[in-house]
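What follows is a pair of complexes built around chain A, which joins chain B in one and chain C in the other.
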Partner chain A sequence: MTESPFKKIRLTGLLLLLLLAFLLDLSTGTVNISLKEILRVFLSPTAADPTWQFIVKSIRLPKACTAVLAGCGLSVGGLQMQTLFRNPLADPSILGVTAGASLGVAAVMLAGGSMASLYAIKDLGLSGSWLIIGAACLGAGGIMLLVLIVARRLRDNVMMLIVGIMIGSMTLALISIWQYFSNPEEVKDYLLWTFGSLGGVTGGQLSILAIVVGIGLVVALFSTKMLDALLLGENYAQSMGLSARKARTVIICSTSLLAGSITAFCGPIGFIGIAVPHIARFLFNTASHRILIPACCLIGTILLLLCDTFAQLPGSQTVLPINIITSIVGSPLVIVLLLRQTTAHPW
Partner chain B sequence: MVSTAISLLRARNLQTGYRSGAKRIVVANALPELLLQPGQLICLLGPNGSGKSTLLRTLGGLQPPLGGEIHIEGIDRWTPAALARKISLVLTDRVRGNNLTVDSLVALGRYPWSGWLGGLNAADRASIEWAIRATGIGSLRDRKIHTLSDGQSQKVMLARALAQDTPILMLDEPTAHLDLPSRILLMRLLHLLARETRKAILLSTHELDLALQVADEVWLLQSGGRLLSGAPEDLVLNGSFESTFSEEEVAFDKGSGNFVIYTPQDKPVRVTGDGLTLFWTHRALRRAGFEPVAGASLHIRVEQRVARPIWLLERQGETLEFDSIQKLLQAIT
Partner chain C sequence: MTRYAILFPLLLLSCGRSDKKPASPGATLTSSAPARTQLKYAKGFTIDYFDRYKEVKILNHSAGSTDTLDYLLLPAGAAIPEGHAHAQVIRIPVQSMIVMGSPHVAQADFAGVANRITGVGDGQYIICPLVREGLRTGRVRQVGLEGSLNNELVISMRPGVLMTMTNPDAAFGGYTTLIDAGIPVLPNADWLETTPLGKAEWVKLMGALTDREDLVNRKFDSVEQAYQRLAAIGKASAVKPSVIIGLPFKGSWYMPAGGSYMAQLLQDAGASYHWSDTKGTGSLALSFETVAPVALKADIWLDIGDVDSKAAILARDARYEAFRAFRSGAVYSYNRRVNDAGASDYWESGAVNPQWVLADLIRILHPNSLPADTLIYYKQIK
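Moving on to the complex of A and B:
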């Protein structure tokens, strides 16, 4: 519970790194814009090139903001799941909520038939479609409701974990059935969605995403103390006055809001949720969620911004799907961290 | 001991057990009225599977009773948060090393008292410091909990419960996994805590001899769910211990307050001598199946030589000399 100045230095360092990653993300893309030009776009808009101003403000800035929201939300959701289930492998998708979002999207793209998906994708763009987002939100919300109903009835969190995984795989099975009976083009459209994308969330969509993620993070902040108590296991938590069902409901609400909304707007983005909490624990060497939650926000954001920068493949026209990059960049990072941590095992 | 009209804890017609769907699995249903008074150390003893943990969990509020009522300070309805300010627990659950330091773990004991973010004020800090001092874990405070030994970890969990600063403290088998000196030290610490802090301490244990030494009261939980309570000495004298722990090969020895392993003793032997050496020789011979009889033909004399004792075995006119009990036993068995 002690916050040493050492930790404050690390937090400050991460903040600076975040700023750098943010600017770097803005500067790279199909055209490279130098950091100086980026600064000029924001600080003296009159002097900046109007094309660049458009690119930065209308395309790259929303994308970077989406990366910030997704980075915070997924990391904090992952941290909550790992603590709630006392399982280092848990991530926000473990509740089946992200699978629910996928189910909504699959329903529109596959079962909705060619008309709906043609309209949605060809005319409005793949991930920027309100129809897709609406369907994904509905799917995620439905599963979240189901999970919450189950959560109030179950006695312990291990059962909750199993139920979450079961609901998730049931949902994915439904999607598979749809894929099986759909024609290849529709399946390909759906597959493209599953690669994830930070781009295309602009204007009103970005505001909605920001509001939902904001609510999720505020709820997460309220769960800090509960999460700390849960470190000792459910029995001890209960003996200290924590109601296991209440804690579970609050934590699941928060994670579902975060993961569900982010998946609905950006498609599934893996790895961030599972890796960032480990990196945060390693860097700050603490179990206190008062430190870990902000740390996860910072690290998750930095990591996702860097991944997005790499996805642009600087100098080329190709943009790789974000979901692939997060795994390729992040997995080795976690392995290296675990190898360096020779004496202590984090769990 | 009853100094106040209202006991810290009073359980009446208590029925413990589990609900599994519509089914009720009753563990104990013939419990007498149970009382906890300030400053009292109560040891809950009973054979494996008699329901000690279930009773402790029920009294501690971790699981609802199947029947009956539990009043704490005269009130029977408590919210989890309010109950946590009255009862603290030390459980058998293993707390794994999730990057938690001893210091932060003990600080978690302040959970029922701290603000919504878990911030600690001066009073919280003072409680934590006192708990760390009382349990003598000051040198461990920066250690990660997964690096602790079982004994250290048990003390840390006790410190956490003490930091919770409740009038009632319950411990489920706190001496399990500890070596003998640690067990004694822990029991002594609990005994002193009950005296000095006026806490009511209830602990379940298998350490019969230690319980007899430190407990103000013993609750003997029998396999059928019956519970006998009283001062440990009364329970020894009225045969409650023997009836609770009756097994074929084990007998409770009222003389020593210990369990003795029963071995058939059918070989007569006469042992003469004095002092400690004689006492331990008797024990060795009993273990080997010999019964001390006054006129037995087999005669062992224990004599004290200058530096060490020797054993003289007289058999059929000849006398053999041994310098250890082990050699003596090898010769006669």
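Moving on to the complex of A and C:
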């Protein structure tokens, strides 16, 4: 099957839109900086005002790059889960990996009852944001291992889905216990973390996030055939010589890397993972993952960049947490698209 | 550990000193005519004196509400006067109390009655050696955090009063069981005050509860005079260094609003504070980007919380290296006197000794305006 030129045109159009959204995100913020100034920051750094340079290069650019990574990762993770479980409500957090990351963060932030242990960790030289990220990665990795062990024993993907949800809610219950016994300030810190943020990832952290998300995306691209086959049913996939268990393991690994790393660095960002695959299927009217994966990357990125732009409208000095915006902006969009949809979905 | 070893005698001094003095004025006060207390700064409560009792009202001034919580302070055994059916009754002088907040410990210490504290919310935040000693020997119990108090333990301890940190607006949701059991619950919301002297003046409530008005008034007057003298020096300073406060978290930077306690303190210390004209008494939630133009050029960076070294600041976010105050080393936080759990005395004795906090800030902002001395609560972050 050759891809129609029409789809290539759409992909190119989305790419242009992405560039525009990126520029828009760079040029909006609580501080007013003209487009000319922003260009000067990049083109002739010596002539630019050092304050504008700091804001654009150290605050806005890392944030926009994080939005690109998170937008790609979460949408592709969501697409993989929806296909694996053949369920339109699946998203990257459905396996409990996000909850695992939250558990790791809660363990660090809500360590009120055992301040001494926290000091012990700090003595290891791990502190600040790295401590939180490390804890989140450990939590997400632990849950991912658990899910993989279970996945090897289960034959049915639907059962796998239920087990994932069970593990997730168990993890959240553990966090709730922790919250119940913690100080209000600590709970507030944790609550702020759960609102999600694209703004805290800079420098070395951004590079690490880029590498992990990159690996997750490459694995996803290599799994397109498996995903396409899975859409036709597990029996059909097996008749094509595909081991369902192997496919499941590969897909779970990819999604866990994507969702786990993004949650570790940005906090849980909802909605993108569940909504973007639907938008991609609607725009491209295809079930082929060779098209859907790049499409999800582009749409997810555009959506998250726009949400970040909305989160910091000029005129106000405050930024709203990204999680609020993704749902408020995204939900109506999906509803409109679904209402206009005429063809049936492939699952 | 050496840090705490140095700190310890210093603390003994502050806590022990006030505890030795009092007995004599207290003894005369319990007789018929109580000493009067007048409030000059605090806005959150009133004390009225009547023939045989005192009346305390905790005011509820948030959200424009005019409700008050009424308390009758009655000598032990005295009958409740008529027309006060809705008021909670506290028998004075209070002989035992459970306190939920660090400032309450400091207030009791100020009034020389820290030995009457029989329970605290969470022991690990306590600095006062007398209370810590009590926790060790079991004389002082931990009753749990606000919102999840061990009601049975509190009731069995029969304290003369339970002091909470709750906002008077939301006061009694979780305490009805205790009030029904006859334990007076008093929101000691000094943290709602918007001036350092107003916050410190809550010691007078402690004075009224323990019939120690004379001692407390005298000590507060000297605090007030010291504060005013220092504020005159701070305000008169020709150079006003610019300051930023706090560390952002996840892209949001909480700056004290113009009407807040901290903004007042900065003004009295002779600092130039970018958000001093903003409305509100709480914090402003600002984006990193909004603060950045100010932060890049600010002379001094204050109150970064429990972060204890410049390396730890960078571990939070490497971008802070671009701040002028970071590069020049003018970063200060209130971590000089901390206990082994990392709790700072700034939140405890600092609440009733605003003159020491102000002196620290003036020494930081205007190094030559006061005689050279070590800082009390603040230290330079290196």
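Definition applied: the second predicted complex is superposed on the first by the 320 of 347 C-alpha atoms of A that agree within 3 Å, B and C clash if a C-alpha of one lies under 4 Å from a C-alpha of the other, contacts with A are read in each partner's own complex, and residues count from 1 in each chain.
Please note the rule applied: a contact is a pair of C-beta atoms (placed from the backbone, for glycine too) under 8 Å apart; a residue touches a chain by one contact, two chains touch by 3 or more.
As the structure is a computational prediction, the values presented were derived from the model and not from experiment.
S.K.: Just from the overlay, do chain B and chain C fit on chain A, or is there a clash?
M.R.: Here chain B and chain C can both sit on chain A without a clash.
S.K.: First (chain B), second (chain C), both or neither: which does A:Thr286 touch?
M.R.: Once the two structures are laid over each other on A, A:Thr286 reaches chain B alone.
S.K.: Now for A:Phe181: first (chain B), second (chain C), both, or neither, which partner does it touch?
M.R.: After superposing on A, A:Phe181 lies in contact with chain C but is clear of chain B.
S.K.: Identify the partner contact of A:Gln238: answer first if only chain B is touched, second if only chain C is, both if each is, neither if none is.
M.R.: first
S.K.: By the touch definition at the top of the document, which applies to A:Leu61: first (chain B), second (chain C), both, or neither?
M.R.: In the superposition, A:Leu61 touches no partner, neither chain B nor chain C.
S.K.: Report for A:Arg86: first if it touches chain B alone, second if chain C alone, otherwise both or neither.
M.R.: first
S.K.: Could you tell me the angle at the CA centre of chain A between the CA centres of chain B and chain C, given to the nearest 10 degrees?
M.R.: 140
S.K.: With both structures placed on chain A, which of the two partners, chain B or chain C, ends up touching more residues of chain A?
M.R.: It is C that touches the greater number of chain A residues.
S.K.: Just the number, please: smallest Cα separation between chain B and chain C in the overlaid arrangement, in Å.
M.R.: Here the least C-alpha separation of chain B and chain C stands at 39 Å.
S.K.: Residues on chain A in contact with chain B in one complex and with chain C in the other?
M.R.: none
S.K.: Could you list, by residue number, the parts of chain B that touch chain A in their complex?
M.R.: Against chain A, the touching part of chain B is residues 60-62, 79-85, 87-89, 91, 93, 95-101, 103-105, 107-109, 111-112, 114, 116-118, 120, 144, 146-147, 164.
S.K.: Please give the residue numbers of chain A that touch chain C in the complex, ascending.
M.R.: My answer: residues 29-31, 50-51, 54-55, 58-60, 63, 115-116, 119, 127-131, 180-181, 183-184, 189, 192-193, 195, 197-200, 202-204, 267, 312, 317-319.
S.K.: Which residues of chain A touch chain B once you look at their complex with the stated criterion?
M.R.: It comes out as residues 1-2, 83, 86, 221-222, 224-225, 228-229, 231-233, 235-236, 238-243, 281, 285-288, 290, 344-347.
S.K.: Using the touch definition up top, name the residues of chain C that touch chain A in the complex.
M.R.: Touch residues, chain C against chain A: 122, 124, 145-148, 249-252, 284-290, 292-293, 296-297, 307, 312, 314-319, 322, 341-342.
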